[in-house]
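One chain, chain A, appears in both complexes that follow, with chain B as partner in the first and chain C in the second.
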Partner chain A sequence: MKEIFIISIEVVLISSLISFIISFFISFLILEKRLKFLFVFFQSFLFIPSVFLGLLFYTLFKRSGLFGFLNLLYTSKLIIIGETFLIIPLMVLFIVNGIKEKFYEIKEINRVFGGSWWENLVLIIKECKQSLVSSFIVGCGRVIGETGLAMIVGGNIEGQTRLFSTSIVLFTMRGEIEKGIHTGIFLFVISLILNFLYFYFAKNGNFFKEY
Partner chain B sequence: MGKEVLTLIILTTTSLYDTGFLDRICNEFEKEYRCKTKIIAVGSGMAFKLGKNGEGDLLFVHDVKGEEKFIKEGYGEKRYVVLKNEFVLCGPKEDKMSLCNNIFEAFKNIYTKNLTFISRDDLSGTDVKEKEIWEKINLNPNGKKWYIQTGNGMIESLRIAEEKNGYILSDISTFLSHKKEFKNIGLILKDTKNLENYYSIIPISDKKFPYVNSVLSQKFIEFMKSEKVKDIVENFKFEGKKIFEIVE
Partner chain C sequence: MEISLRNIEKSFSGVAVLSNLNLLIKNGEILVLSGENGSGKTTLLRIISFLTLPNNGKIYYKIENNVFEYKSPYKPIREVILKISYLHQKNIILKGNVEYNIKIGKILRGEDNFEDTFYNLIERFGICDILKKDIYEISEGQRRIVCLLRCISVKYDMLILDEPFTNLDSNYIEILKSFLNEEKNKKKSIIMATPGLKILADLHVDKILQLGKDGKIN
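After this line comes the complex of A and B, so read on.
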């Protein structure tokens, strides 16, 4: 259980973080250059089942595959890479929608004050912190619950690539339904605690102000 | 409303389903008895669980101990052994096992030489058999670094063995039906005497679950002994080899 916890947290945090950074810059690009086409393009990726992405990664990374020499199949590294790609479209969607209203406003102000693009970026992060953190949390949630890709590229190997979600798959296969349900509830309680901690420490006094 | 079509729900293990064998049997059965079949292919562990909840009409599995327990607990009355084949040891083609005569020696060899071994650990019939062998030679591989527990199905675990160059116990049907996929691993050891694999049917007790269709279950068991099924079994081959044998 301890190993599952550590590996799961590692996968969730690292993939969400990498994906967040990439998605943020993509979103920035979309808004800055008004690339509606690119936005729609990413949005369409939301419809791709994660098992398909898993299969794609499997064929690329198996030993006889294109990237087989990297020896990444059935490691948590490949799960992280896979999940990162999986949630980029989701995060782009949430980030763009979360910051687009303030984006042009901030850009205009920044232009008037003669700030650089870097200062523009920092201002956006500061002003849209709440939307950005929400996008990050959505990404984490998607990764925690994901099984299709993690099963295929990870292999559900004990102590190496077994995550909370895939361990529930195993409990189901074994017919140990109670254990599966306990794991699910445990997972839910953790996410509840984390989310409440976030809202407590983030001191979101103005959370409901705009409504 | 038209005539109601009866449905037979079969709780089965993945090896019968993944090879496409059960589909073929059920198609013929549906034609002959004008009914429908629903195949629920899960690990044996889950199949027993579903059976104990009365979620199907019959079990079609390969785990003798589990089957006996199932009957002892009153969820079924009798087991009908209908098919057999065998388990085999698969592993890296550059063989380190050539001196082993039987599966026990091979497992000992794996243990003492710390060779990578892939275990399914999903309480399926194959997994139970593997654990039985470790028990019989009094060695416990749990926690060893070379002992990889996948918690995955047979095909997936074979794929992991292919990638990690590991040894693995598999039913011969799943291995042969996917042999084309495997370049690094091959059949290493056959030990028919110690690795027999019996598939049996247990109709789920209609005393425990009154809604269970035991009439259709009995028909299915009869059908498994018919000439038609014999014909299917004779012609069901991978790489020119017969996969199952009828048990009289």
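After this line comes the complex of A and C, so read on.
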């Protein structure tokens, strides 16, 4: 269980962090250049099943695949890469919708007073902190609960690529229902903590307006 | 600072808001733009401040002996931006206290010296007691004062104010008008938009421009 916990946390944090950084700059680009098409494009990716993405990565990274020489198939590294790609559209959607209103206001203030591009970026991060943290937590939640992609590209290898979600699949197939339920409850507790964190940050951002 | 607008045109979705507009704003002048809602007052102010792109036309900015030409493809001129201060029609506030919201203008301008004149201005508008308050805890009228102070506390040659009197009580309106008269005497140019003209009593206005719905000056 300890190994599963460590690998799962590693996968969740690293993939969410990389995805967050990429998504932030994509969102910045979409809002700055008003690329509505790109936003719709990313939104459409939300409908793609994770197993399909897993299959795609499997094809690319299998021994005879385009990136087969990297020997990444059935490693936690490939799960991280796959999950990163999986949650980028989700994060872009949340970041764009979370910051768009403040984005243009800050841009105007910055333009009026002659601030630099860097000052604009810092102000946006500072002003939209809650929305950005919320987007990160949503991404983490998506990765924790994801099974299809992790099974296909990870192979559910004990001590190497076995995560909470994939271990539940294995316990169920073995008929060890009790173990599966315990793992599921543990997973639920983690997502409960994440959601409380989400709520806490959202609340600080005037979640409930006072009148 | 002098500004000369030549044949400025602007339309939104094919509807002309400003058409062939020519205008000269001289040093130390107070120019008031008046007109109904949707007559293009804000659009004109935003074009002068580089916040909205015109479809056509040129603007000449004369700062001391230098003349800057703003023409297609309309790239904002930094030297001019630093000489103009603009007050938005809508109150734009940032998270934090009142003091931070006022200071952010000077911080972005790179004017880090918060000398006596800065605090005198705050004292003049009588908001010393709310300086440390969170911006979300004050009224809309007080937020207007905060945005106004952010705008007038920076160094400028031209002040562009979009409906500055909105949400202000009579006391603040009088303070603002006397401040603007003093700025005029210091040879600062002021352009402001206001829907009504009654409020302008006691303000030393040089020109009033009535914008029509057809995008032309009446």
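We adopt the following convention: the second predicted complex is superposed on the first by the 194 of 211 C-alpha atoms of A that agree within 3 Å, B and C clash if a C-alpha of one lies under 4 Å from a C-alpha of the other, contacts with A are read in each partner's own complex, and residues count from 1 in each chain.
In the analysis below, a residue touches a chain if its C-beta (ideal position, glycine included) is under 8 Å from a C-beta of that chain, and two chains touch if they have at least 3 such contacts.
Here the structure is a predicted model, which means the values were calculated and not measured.
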After the superposition on A, what does A:142 contact: first (chain B), second (chain C), both or neither?
neither
Looking at A:105, would you say it contacts chain B, chain C, both, or neither? Reply first, second, both or neither.
second
Is A:73 touching anything from chain B or chain C once the two structures are fitted on A? First, second, both or neither.
first
Comparing the two partners chain B and chain C, which touches a greater set of residues in chain A
B
Considering only the touch criterion stated at the top, classify A:162 as touching first (chain B), second (chain C), both, or neither.
first
Please work out whether A:119 is in contact with chain B alone, chain C alone, both, or neither, and reply first, second, both or neither.
second
Once the two structures are fitted together, what part of chain A is touched by chain B and by chain C alike?
none
Within their complex, chain A touches chain B through residues 62-64, 73-74, 151-152, 155-160, 162, 166-167, 169-170, 172-177
Contact footprint of chain C on chain A as seen in their complex
105-106, 108-115, 119, 123, 126-127, 206
Residue set of chain B touching chain A in the complex reads 42-43, 45-50, 121-124, 148-153, 156, 159-160, 162-164, 183-184
Residue positions on chain C within touch of chain A in the complex are 49-51, 76, 78, 81-82, 84-86, 88, 92, 94-95, 104-105, 108-110, 136, 154
